[in-house]
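Down below are the structures I want you to see.
The same chain A turns up in both complexes below, where it pairs with chain B and then with chain C.
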Partner chain A sequence: MATDAKLVGQSVARREDEKLLLGRGAFVEDIKVPGTQWLSLVRSPHAHARIRSIDTSAALQAPGVTAVFTGKDIHPRFGTNPTVPLRFYGAESAPYDLIAVDKARHVGEVVAVVVADTRYGARDAADLIFVDYEPLEAAIDVEKALRDDAPRVHDDRPNGIIHWRHQLGNVSQAFEEAAVIVRERIVNQKIHGVPMEPRAGLAHWDPVQETMSLWATVQTPHALRDHLAEILHLSSDSVRVVAPDVGGGFGVKHEDPEYALLCIASMHLGVPVKWVATRTEDFLAMHQARGKTSYLEVSADADGKLTGLRVRHLHDLGAYAKGPEPSLSASSAMISTGVYDIPNVEFEVRNGYTNTTPQGPYRGAGRPEGIHLIERGLDRLASELGLDPTEIRRRNYLPPFDQPMRTGGGDVFDSGNYEASLDQVMELSSYRQLREQQQQARAEGRHMGIGVASWVKTGGSGPSPVDPSSSRYEWGRVRVDRGGKVTLFTGSSPHGQGGETVFAQIVADVFGISDDDVTVLHGDTATVAHGVGTYGSRALVTGGMSAKIAAEKVRDKMLKLSAHMMGCEPDHMTLEGGVFVCTTNRERTLPFAEVADASFQVLARPADMEFGLDEDSFYQPSGLTYNFGTYIAVVEVDTETGDVDLQRLYTVDDQGVIVNPMTVVGQVHGGATQGIGQALYEISEYDQTGQLLNASLMDYAIPTAEMTPEFVVAFSETPSPLNSLGVKGMGEGPTTGAPSAVVNAVVDALSPLGVSHIEMPLTPERVWRAIQDAQG
Partner chain B sequence: MAESVSITLTINGTEHSINVEPRLLLVHAIRDVIGLTGTHVGCDTSQCGSCTVLLNGEAVKSCSMLAAQADGQQIETVEGLAHADGTLHPIQQAFAEKHGLQCGFCTPGMLMMSKALLNENPNPSRDEIRHALAGNMCRCTGYQNIVLAIEFAAEQMAR
Partner chain C sequence: MIPGAFDYAAPDTVAAAILLLRERPGEGKVIAGGQSLLPMMKLRVAMPGLIVDLRKTRGELSHISNDGSNLRIGSMTSHAHVAGSDVVQDTLPVLAETAAEIADVQVRNLGTIGGSIAHADPVADYPATLLALDAQAEIAGLNGVRVVSVDELIMDAFISTLAEDEIITEIVIPITEGRTGAAYIKFANKASHFAIVGVAAHVVLDDSGYLSRVAVGITGAASRAARATAVEDTLRGQVPTPDAISAASALAADGLECIADLHGSPEYRQNLCRVLTRRAITRAVERARE
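On to the complex of A and B.
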């Protein structure tokens, strides 16, 4: 079991893979409990409608139906979703009923629930429920929804709920003195996360013990446990949530109202109840993301030095405030100073309700929107000043730093080396040659474009500069059994990232043992007592550090114990490759398992030492980590059709110390592909009545293998000073950096035709129209 | 609804005689009636390919046909891919080796599609691989490592 080689830094093969490759994964829908009934939901077909009455009689008589309930039925007892605290803004969110009671506020909102003994039977019965709606005028576009005369989403309050500002220096004066100013209205369109496994849950109420068990496809089983305990009026310890194998999360698998409805149905019937969303249900009712209309103004002096930035962000919350979403609009604005030194900054953020599906975080969580503003702005300034896009960035980067530093936008970056990242990606892509090829292509009448974007992304969820009270911990527990086998219990439950493998590497290194001797347990609140979860690029930082600290506590106890056993001075004990060695007499050694066994023996231990080897850690980071990088995209545009051929994406990511290079490459490929989806293909398309026009994978385009470029990836490692692993988050960086690189490349290709900006997604139609408009 | 039909499906070499509703989808017969849950459902419009199985050796989306239509036919699912002694099929090995999976939800469909492709074209180019995967969506990997895995599997299988 002993090993001298450090595992951190190695591409250890994933322990997750084998069962998944054999078709033996256990996703929620795969879990079967005898006697399970099926739940189906009736959802509003209107974006905004008063509910006059609901006739459930036909459904109740349908074969196999065991229960039907509406908002009115459950409201007195179970009420609403816990409201989102908006402490930081000093505001209060509107009530969010589990099932719409008087009014439906978006297409897809639940209005009734049916349970039947079969999957198909429940769907049939749902179609028999008749709801009498009075359609109302809907507020769809956030900009219009924020006007005083807009229809109100919540009758008792205006649509605009949160107004936030930030200011540094004097932007107006900077603009007066600037050599060049660029102004643009930029929309970061609404998109969907689309994990390939749709949402699913299986609730099982035990009427004797009065405990609830729920298997759910979520990123945050403990948060869901606490959320359900509050709704169901139970203690947290009476609720068990299990996130088994989870088929992707990307920020969109959280505490949705459907899970509470499943639990309520199971409590009511006393049988297990299952629900598996259809893809269309997920498009209609799983939270959407980005959804920001922004007004950008940015100025530079004659040398291309940035002098001022003003951002007005109008953020669409959808029909209800969900999770951390309201605070993400401020975080989004803050990061719009990017990796640059900007002395004068002004932000104004407004959040508004609309009659659309609630918004929430999705890989990047506000930061891709902010980065897109500055990265578009820089390219515009560069073209006005006749500078190469790499040159204007070089003139404005924050200088390298290795200790926390406050930016103009208000973030506190942990460490960074931005110019080095640019140099590395320019070399990786042979940038000068690319520009020569572009000259050649232009001479041949082809429209080749090269796009550059530098980016930075928060991770690690320590105290956020937006809301210092929001700091979150992660919990890890390390136990060594009498045979010397090690088990990590972690609150960071992964869903594709490879966390089981990576956490085992970290724990094994603390002891100098093989990772084969480390078991990693997660995702079940019955075995893992505490946890926060995997989101916001936090798992490696917070889950990794809590695992490491708990393992170190166990190791230190074992050192003390082994010293006692050998009669060696504790200061002279070391653990070398899984063997305890007394350094003053190296002949004396003790195997790992023997010390583990001794911890349970009365006579082997010092009198003041407790039995066993079992330690935990609530790790709280002191700040956020900020991974960064620079990407270069190469495209060729067909100006006849507007079709964009994205040929290659060169990426340089810096995420601090790399634990497992193989999985990090996977995160870049996957994250960048989602960013490319936003840049080129994806949009949640609403009409003015609030109908979602593309609520299926037939109409909503996520990238397929033929729509994805070749990735050429490289890394640098600037350690984070905030934790002893030196790690930063990384999974969201590629989604943050890719959109701007791609859009900048397309605009670069078309700049000789006079195109200076195109809104995402850059579909052939939009590109074609931009060309026509520019040509007049 | 009360009516049912008797059908026989041979799945991974084992015969299953079952009674099903005429409207039951093949994927639900495989998952819910026979209990092989490696085949997944990721959409309701036949786009995602998570449900891909081999029907008489050809890749089909098992969500877009009825169980009754497969009566009497040979079906192969992901559970039938590994060798009888439990060792992984070269395609499965290649996916692990090249990190061609993350969450693993699309993976069974990807593996079955890869098998169908390599049956037909044992030495595909990268473009041919990407084209063959056009009906199989993955939201985690960005496809590059899946393409490398299939290329690697082709090499291994040619030995």
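On to the complex of A and C.
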């Protein structure tokens, strides 16, 4: 079991993969409890409608139906769905009922629930529930929704919520003195996270113990446990939430009303109740993301030095203020200064309720939108000034730094080396040659484009630089049993990222043992007492550090114990490759397992030492980490059809110290692919009445393997000064960087035709139209 | 995605299937590969009371043969089978090219040529090519077999001229001799990969290099697949120079009422008709000259 080689830094094979590849995973759908009944949801077909009455009588008489309930039946007996506390902004979010009571506020909002003894019976009975709606005019577009005369989503309050401002220097003056200003209205369109496994839950109420167990496909089982306890009026120790294998999260699998409804149904009937969303249900009712309309103004002097940035950011919340979404809109604006030194900055952020599906975080969580603004702005400035896109960036990067530093946007970056990242990707892509190839292609009448984007992404939350009350910890517990086997209990909830593997690497290194001797347990609140979960590029930073600290506490205790056992000075004990050595007499050693066993024996321990080896850590980082990178995309555009052929994406990511080189490559591939989805394919298309027009994968395009480019991936490692691992978050960086690189490449390809901007997604028709418009 | 309740039968013969359909007027639906019917049932857009599964009739209905002047493809022949068939490759390779463009491997393994035609999806691929090749369908009913052109079989979006109790048994496609070439070019939407517009062109060159036949079938653009007669009339009897092809292709959308959906406006579809028609004819001519 002993090993001298450090595991951190090695491409240890993912321990998660074998069972998944062999089809031995257990997702919620796979979990079977005898006597389970099925739940089906009746959802509003209207974006905005008063509910006059609901007739459930026919459904109640349908074969196999055991329960039907509506909003009136459960409210106010049970609590409401969590919304984000907005005290920091002096705001209060509108209540979010689990089932709409008087009004439905978006297509897909739950208006009734039916439970039957079979899945089919429940679905059939849902068609027998008759809801008398009075359709109301809907607020769909956020810009219109923010006007005074817009229909109100919540009758008792205006649609506008949170008006956040930030100012540095004097932007108006900067604009007056600027050599060049670029102004553009830019939409970061609403998109979906589309995890392969749709949402699913199985609730099991034990009427004797009065405890609730819920299997749910979520990223944050502990948060869901705490919210359910509140909604159901139970103590949190009476609620157990298990996130078994989770088929993708990407930020969209959190506390949704459906889970509470499952619990309520199970409590009511005293039987297990299950629900698995259809893909269309997920499109209609799982949160969507991005949804920002922004007004960008950015100026530079004649040398291309940025002088001022003004961003007006209008964020569409959807019908309810779900998750951390409203405050993410502020973070989104803040990051729009990018990795650049901008002396004058002005942000205005407004959030508006609309009659659309609530918005929430999705891989990138506000930052791709902010980065897209500055990265589009820089390319526009470069073309006005006749500079190469790499050159204008080079002239504006923040200089290298290795200690926390506040940016013009208000973020406190931990460390960075941005120009080096550009140099690396230029070399990786043979940038000069690419430009020569482009000249050649143009001479042949082909439309090749090269797009550059530098980006930065928060991770490891951590204390928010905007709203300190949103700070989060992570919990880890390390236990060594009598045989010397190590178990990590982590509050992180890995669901595809490789967390089990990398946490084991970290813990094994603390003891100098093999990672095979480290078991990692997670995702079950009965096994893991505390936790926050996996989202926001936080797992390695917070989960990894809490694991490391807990392991170090155990190690220190073992050092003390072994010193006692050997009669060695505690200061002279070391742990080398899993063996305790007294450095003053190297002959004397004790194997790991023997020390572990001794910790449970009365006579082997010092009298004042507690039994056992079991330590924990609530770790809160002192600041956020900021991973960064520069990407270069190469495209060729068919100008007759508008089709974009994304040929290659060169990526340089810097995420601090790399724990497992293989898993970070996977994160780049997956993250960049989702970013490409936003750039080229994805959009939630609402019509003016609030119908979602593409609520299935037949109409909503996500990139499949054959739609991804060749990835040429490289890394740099600028350690974070904030934690002893030197790590930063990384999973969301590629999703943040890829969209702008791709869009910039397409605009670059078409610039000889007079195209200066295209809104995402760059569908063939949009590209074709941009060419038509530019050609007049 | 849970369909409503239905009865199910899997008869051994086409004749038995027809009788079953006859017994339950207004309720029965045959299922072939299920690749169009099942999605509609799961969305509860279709809620047939009886499903008549043709899977046991594959012996009768799944085959590909060359009778000397026609290629004959049984209606239950899968897209994968057509795409990989040597007989098709030797006679009308454009059909294999078309079949290979349909959906993905899983769908191609199950979906059938008969189902595709019967379903009359305005964005399906086969109709463009089958129209360009003057294909016919053999249809079995209570009163025996009738033969109609695919053009007559497809009426409008999702509407065919099939009676409720009729079953397509075979697709019959004339094989042209001489200097002939054909091509199918599809511009797929990025979600389902169905065609936004797909164009099939079939040409025959006479000994002096003039076009003695030019046929263009367009799918996806309008509520049903159609022949681009204006293009054909302009080009027939001409030498297919790039300029002549371009000029004729500019008429590709004439007479088409182009539809609007999430993947393309009418103007965009018109543009695709013109661009893809030019590309398809150009490729067909190149192949004819090879």
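FYI, the second predicted complex is superposed on the first by the 773 of 776 C-alpha atoms of A that agree within 3 Å, B and C clash if a C-alpha of one lies under 4 Å from a C-alpha of the other, contacts with A are read in each partner's own complex, and residues count from 1 in each chain.
In this section, contacts are C-beta pairs under 8 Å (C-beta built on N, C-alpha and C of every residue); 3 or more make two chains touch, one makes a residue touch a chain.
Computed from a predicted structure; not experimentally measured.
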Chain B versus chain C as contact partner of A:Tyr120, first or second or both or neither: both
Touched partner set for A:Tyr681, first chain B, second chain C, both or neither: second
Touching partner for A:Met609 - first (chain B), second (chain C), both, neither: neither
Partner chain(s) touched by A:Gln497 [first = chain B, second = chain C, both, neither]: first
Partner, of chain C and chain B, that touches more residues belonging to chain A: B
Contacts of A:Leu697 with chain B and chain C, given as first, second, both or neither: both
Contact residues of chain A, present in both the chain B and the chain C interface: 119-120, 124, 278-280, 697-698
Chain A-facing residues of chain C, complex: 1-2, 4-5, 39, 43-44, 187, 189-192, 196, 262-265, 268, 271-272, 275
Contact set on chain B toward chain A in their complex: 1, 21, 23-24, 28, 31-32, 35-45, 47-48, 50, 77-79, 81-82, 88, 92, 95-96, 99, 101-108, 111, 129-131, 133-147
Chain A residues touching chain C - in the complex, by the definition given at the top: 119-120, 123-124, 127, 278-280, 640-641, 643, 680-681, 685, 693-694, 697-701, 707, 763-765, 768-769
List of chain A residues in touch with chain B within their complex: 13-14, 16-18, 20-27, 29-30, 32, 63, 119-121, 124, 194-198, 245-248, 250, 276, 278-280, 495-498, 662-663, 665-666, 668-674, 696-698, 702-706, 708, 710-711
